[in-house]
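You will see chain A twice below: alongside chain B first, and alongside chain C after that.
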Partner chain A sequence: MTIEVSSLRKEFSSPSGTITAVDGIDFSIDEGDFFTFVGPSGCGKTTTLRCIAGLETPTSGSIRFDGEDMTGKPAHKRNLAMMFQNIALYPHMKVKENISYPLKVRNVPKQERYENAEEAADIMQIRELLEKYPGELSGGQQQRAALARTIVHEPEAFLMDEPLSDLDAKLKVEIRKEIQRVHDRVEKPTIYVTHDQEEAMTMSDRIAVFNDGGIEQIGTPDELYQRPTNRFVANFIGNPSMNFFDGTVDRASGETVVVSVDGRDVELRVVDSTAVGVGDEVTVGVRPEDVRLDRNDGDLEGEITLIERIGKQMLATIEGPQGEVRVTLPADNAYEKGEVIRLSIETRATHLFDSGSNDVVTRGPDV
Partner chain B sequence: MSIRNDIGQKWSSVKQRTVDKPWNPLTHLSHQGRSRGWNLLLNALLVLLLFVVIFPIFWMVSTALRPTDMIYNVPQTLLPQAFSVENFVNTFEGTNFPTYFTNSMILSVGVVGVTTSMSTLAGYGLTRIDIPHKKTFARIILFGYMFPQILLAIPMFIFWSRIGLINSHLGLILAVTATALPFGIWLMWKFFQNVPISLEESAQMAGASPFRAFYEIALPMAKPGVIAVAIFSYATAWGAYTIPRIIMPTSENWPLTVGIHMFTIQKQTLWGEVMAASVMMVIPAFIFVFALQKYLLEGFEVGGQM
Partner chain C sequence: MSTINKHGSRARELRDEAFEFLSKKKVLAALTILPPMLLFTFVNLVPIVGVIGASFFSINAFSNEWQWIGVANFETLLSSDSFYDALSRSVVYAGGSVVIQVVFGTTLALLLNRSFKFVNIARTFAILPYLIPNAVIGFMALWMLNSQWGIVNQLAVQIGLIQGYVSFFGSQESAMLAAILTSSWKDSIFVTVMVLARLQAIPESFYEAAKMSGATAYQRFRDITLPNLKGVFFIVLLLRAVWMFNTFDYIWVLTQGGPRGATTTAPIYAYNVAFGTSRLGIAAAVSTVLFLVLLVAAVLYFRIFEPSEEVRAE
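Let's turn to the complex of A and B:
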């Protein structure tokens, strides 16, 4: 099945007036796509998902499954599987009854229903919990039971609203794999909602970055990482997140742009210098791995205020006149907190944003 | 430092005191020399309370089981000197008791059925459908419940006679339902507010129609409320007096409440029959509540799990 959403708008009325939860949402999802909504809290991810599910009626815009308009088709006739943000297990039913409920609705005989529930429970590693009631399960176990319920029948698409939020890191990785395995096996589109960009980056075929009721950019994880179209996406995608320096264009010619950041000239290589003009206010974006530290040499200056470990590497935070800069370092570096240090930017790996619109204007050849 | 010590000392002295003599209103008072009197008073109150509640029931049963000719003995004994089911036989054979009993049963079944189903549907609708002026509605409902029944009964009589519902079981069921429904709706409304909508949405995503989601998910979770409304409306119907007294003028349509009362204001009060009928009237109520309380508690267990 394919899912197309166009010009979706959803308003809620509240005592204090009309709230526009989402507006101008457009995307389409192909058969077998793993499509992720990512974005900060309250940006409209759940609302969009609920419109697709049929639990909310869009104020305007259309939703099509395989080209067929879904307006007026109630949720229970859309044959989707949905995992709710708040889990939503039925407290008066045992776990096995919960998991097999979609089959019960489809009039599958009890025996077969429970066998399928056992299989699904095996995948989620909760077989020993089948006879319990949801109230007797931990948050993570409940989440796995709810996941098992979504995979027990054969839906046209999976909708998952932050299904892993209550799990510990190790279990998260495990269940992530299970979700992907199920997805690969059934080849149905999956829409996955998360506010964790790392989860989005590792699991998705394509990602829609939501912000404030709209979509900032849609693309593959690589596209979003390498070619963010605006400052919001550049900032949101990637961990540790991108550094930004505000400056003014001094010179622009050929493949070179010189930006004056806090009174110091920084020379950058870009793919298209005609996109900027002298005097333009721009924001230079550079990832922490594309900034180099040196004790003597560099365009910018600052003091190391923090060094912390992130996985294999270390992350240094440097305070300077140009603002806070994050730099990744190898674990065996010799820098210490409190040192005053010079910084240089990898000139071929920067993004240039218009300071007014925050849209990208050009970028380096090696981003 | 010194302040801290000071507090520490005070605290430890308080602690010591509490360890030595746990504070208890009764023993606490005993130190003021009022223990005996206080205890005596409390116990006397308790006995009085028990007496007020238990004694009429005891007397009812005890009188019902006496032979008819010993009921008017003076002085009377607490326990019957001889047991007899004579009063029960007389009640069945010499009075309209079977008719009254049947009428009460019809009334109760009707009222419980209508009130429970309507309260459930209304309570559900009020939580799930966006109805304007819900708050006003809630106020009116509770306000309606506060009316004395006699004030309702008289206009009802007028209405009911216009539409031909006087002396009909249906008319009585509707009238008594009207007195039980406001509280029933209000109770179910509160119950359904505690059933998360997302559970029904999840059922719909699983493929259940909205009605099925209500029936299989929301309703079982609100079961304690449904049982409570059933018990409450049963009590209302089984004990209804004012309304049937007014809108059921003919004696063969009286429920037990009115019928038994009439035993006492005939030419002579048939105390033996009154008591026997009362005993038999209490039995169905006991059975009903006993049968349902099991579900009530079971429902609370499930509800308590989440």
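Let's turn to the complex of A and C:
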């Protein structure tokens, strides 16, 4: 099945006025795509998902499955499996009855239903919980039971709203794999909602970055990481997140742009210097791994205010006149908190954004 | 200034002392538990024990002479057919009323639980009859069902439901049914209120999850709504059954137990024995037996339906 969403708008009326939760978004999902919505809290991810599910009626716009308009088709006839953000297991049914409920409504015999429930429970590692009631399960166990319910459903598409938010880091990685395995096996489109950009980056075929009711950019994880079209996406994707310096264009010719950041000239290589003109206000974006520290040499200056470990590497935070800068360092570096240090930017790996519109204007050849 | 200050601090001291005193565990326990205990003792316990005690005496209503006669009252009672008739009429009256009240009350609750324009006004109007005293309901029903000018007769004839005017409370065949329907009109609202409260507590997300699983409206009702109502049905059935079994006021206003005993339920029977024949000892024995019947029925009900199993929600 394919899913096409065009000009989707959803408004809610509230006592204090109209809230536009989704403000005209377009995207399409192909057969077998793993498509992820990411974005900060309250940006309209759940609302969009509920419109696709048929639980909300769009204010305007259309949703098509395989080209067929879904307006007016009730949720229970769309044959989609949904994992709710608030889990929504039935408290009066045992876990096995919960998991097999999509089969019960299709009048599958009890024996067969429970066999399916057991298989799904095995995948989610909750076999021993089948005879319990949801109230007796931990949050993470409930999430896995709800996931198992989507597996037995055998739907036309999966809709998952932050399905792993209550799991510990190790289990998260394991269940993530299981979700992907199920996805690969059934070859149905999956829409996956998360605000964890790392989860999005590792699981998805394509990602839509939501912000304030709209979509900022849609692309593969690599596209979003390497070629963000605006500052919001550049900032949201990647952890630790990108550094930004505000500056003014001093010179632009050939492959070179010189930006004056806080009175110091920084020379950058870009693919297209004609995109900027002298005097333009721009924002230079550079990832923490593309900034180098040195005790003597560098364009910018600052004081190390924090050094913390992130995985194999260390992350240094440097305060300077140009603002806060995050830099990744090898674990065996000799820098210490409190040191005043010089910074230099990897000149071929920067993104230039228009300071007014925040849209990208050009970028380095090696981003 | 200083006097005000002194005065203020004295008041505060007193207040603090009072608070301290009231906060003592024993004082607090006594103050909170004693009043209801006293109320229970004098309003419930003393009359109950009194009635049970009285059932072992022969009592003259006018001279207030009590004469111990052992279980003779019970023997008389249990060998009298009219008592068994009254008891079985009580079962019919209570059973019929409970069925109608639960069915009608639940239906009304389901309707009022939907969201539509003016739903709050509709709810208010539906619940209003509950504020009318039973006796008033009884008199209204008497007039509405009157065999000569009653609006029900008039309408039923006009629509063609019946050929001629019917004396609903005057015929032995229809009196019980008419009494059941009259009592159920108002008391269904009790069921409505309880069921509606429960319905409103069922999270919308259960229904949404069921929709996503492909459940039709009927399946959602069967698998979500009904199981969630089990607990409230358990309580409502018990309360309504006990209440209707003991009901006196409606029937007394409508038929005084007539015609020719057709609506003489056990409470009416007890009243007739006590004040019609002035045999207070036997009347006390009737009440004692009714009490025991209800007690046994309630215990069996709890045994069979085990609420701890049924009342599983959230």
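Everything below uses one rule, namely that the second predicted complex is superposed on the first by the 367 of 367 C-alpha atoms of A that agree within 3 Å, B and C clash if a C-alpha of one lies under 4 Å from a C-alpha of the other, contacts with A are read in each partner's own complex, and residues count from 1 in each chain.
The rule is short, and it goes like this: a contact is a pair of C-beta atoms (placed from the backbone, for glycine too) under 8 Å apart; a residue touches a chain by one contact, two chains touch by 3 or more.
If you're wondering where the values come from, they're calculated on a predicted model, not measured in any experiment.
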item: Partners on chain A (chain B, chain C) - clash or fit; value: clash
item: Partner chain(s) touched by A:V270 [first = chain B, second = chain C, both, neither]; value: neither
item: Partner chain(s) touched by A:I307 [first = chain B, second = chain C, both, neither]; value: neither
item: First (chain B), second (chain C), both or neither touched by A:R106; value: both
item: Chain B versus chain C as contact partner of A:Y90, first or second or both or neither; value: both
item: Partner chain in contact with A:A200 - chain B first, chain C second, else both or neither; value: neither
item: Which superposed partner A:L164 touches (first chain B, second chain C, both, neither); value: neither
item: Residues on chain A lying within both footprints (that of chain B and that of chain C); value: 53-55, 74-76, 79-82, 84, 86, 88, 90-92, 101-102, 105-106, 133, 135, 149, 153
item: Footprint of chain A on chain C - complex, ascending; value: 203, 205-206, 208-216, 219, 223-224, 227-228, 230, 312-314
item: Residue ranges of chain A touching chain B (in the complex, touch as defined); value: 53-55, 74-76, 79-82, 84, 86, 88, 90-92, 101-102, 105-106, 133-136, 149, 153, 159
item: Chain A - residues contacting chain C, complex; value: 53-55, 74-77, 79-82, 84, 86, 88-93, 101-102, 104-106, 133, 135, 149, 153
item: Residues on chain B engaged by chain A in the complex (per definition of touch); value: 196, 198-199, 201-210, 212-213, 217, 220-221, 302-306
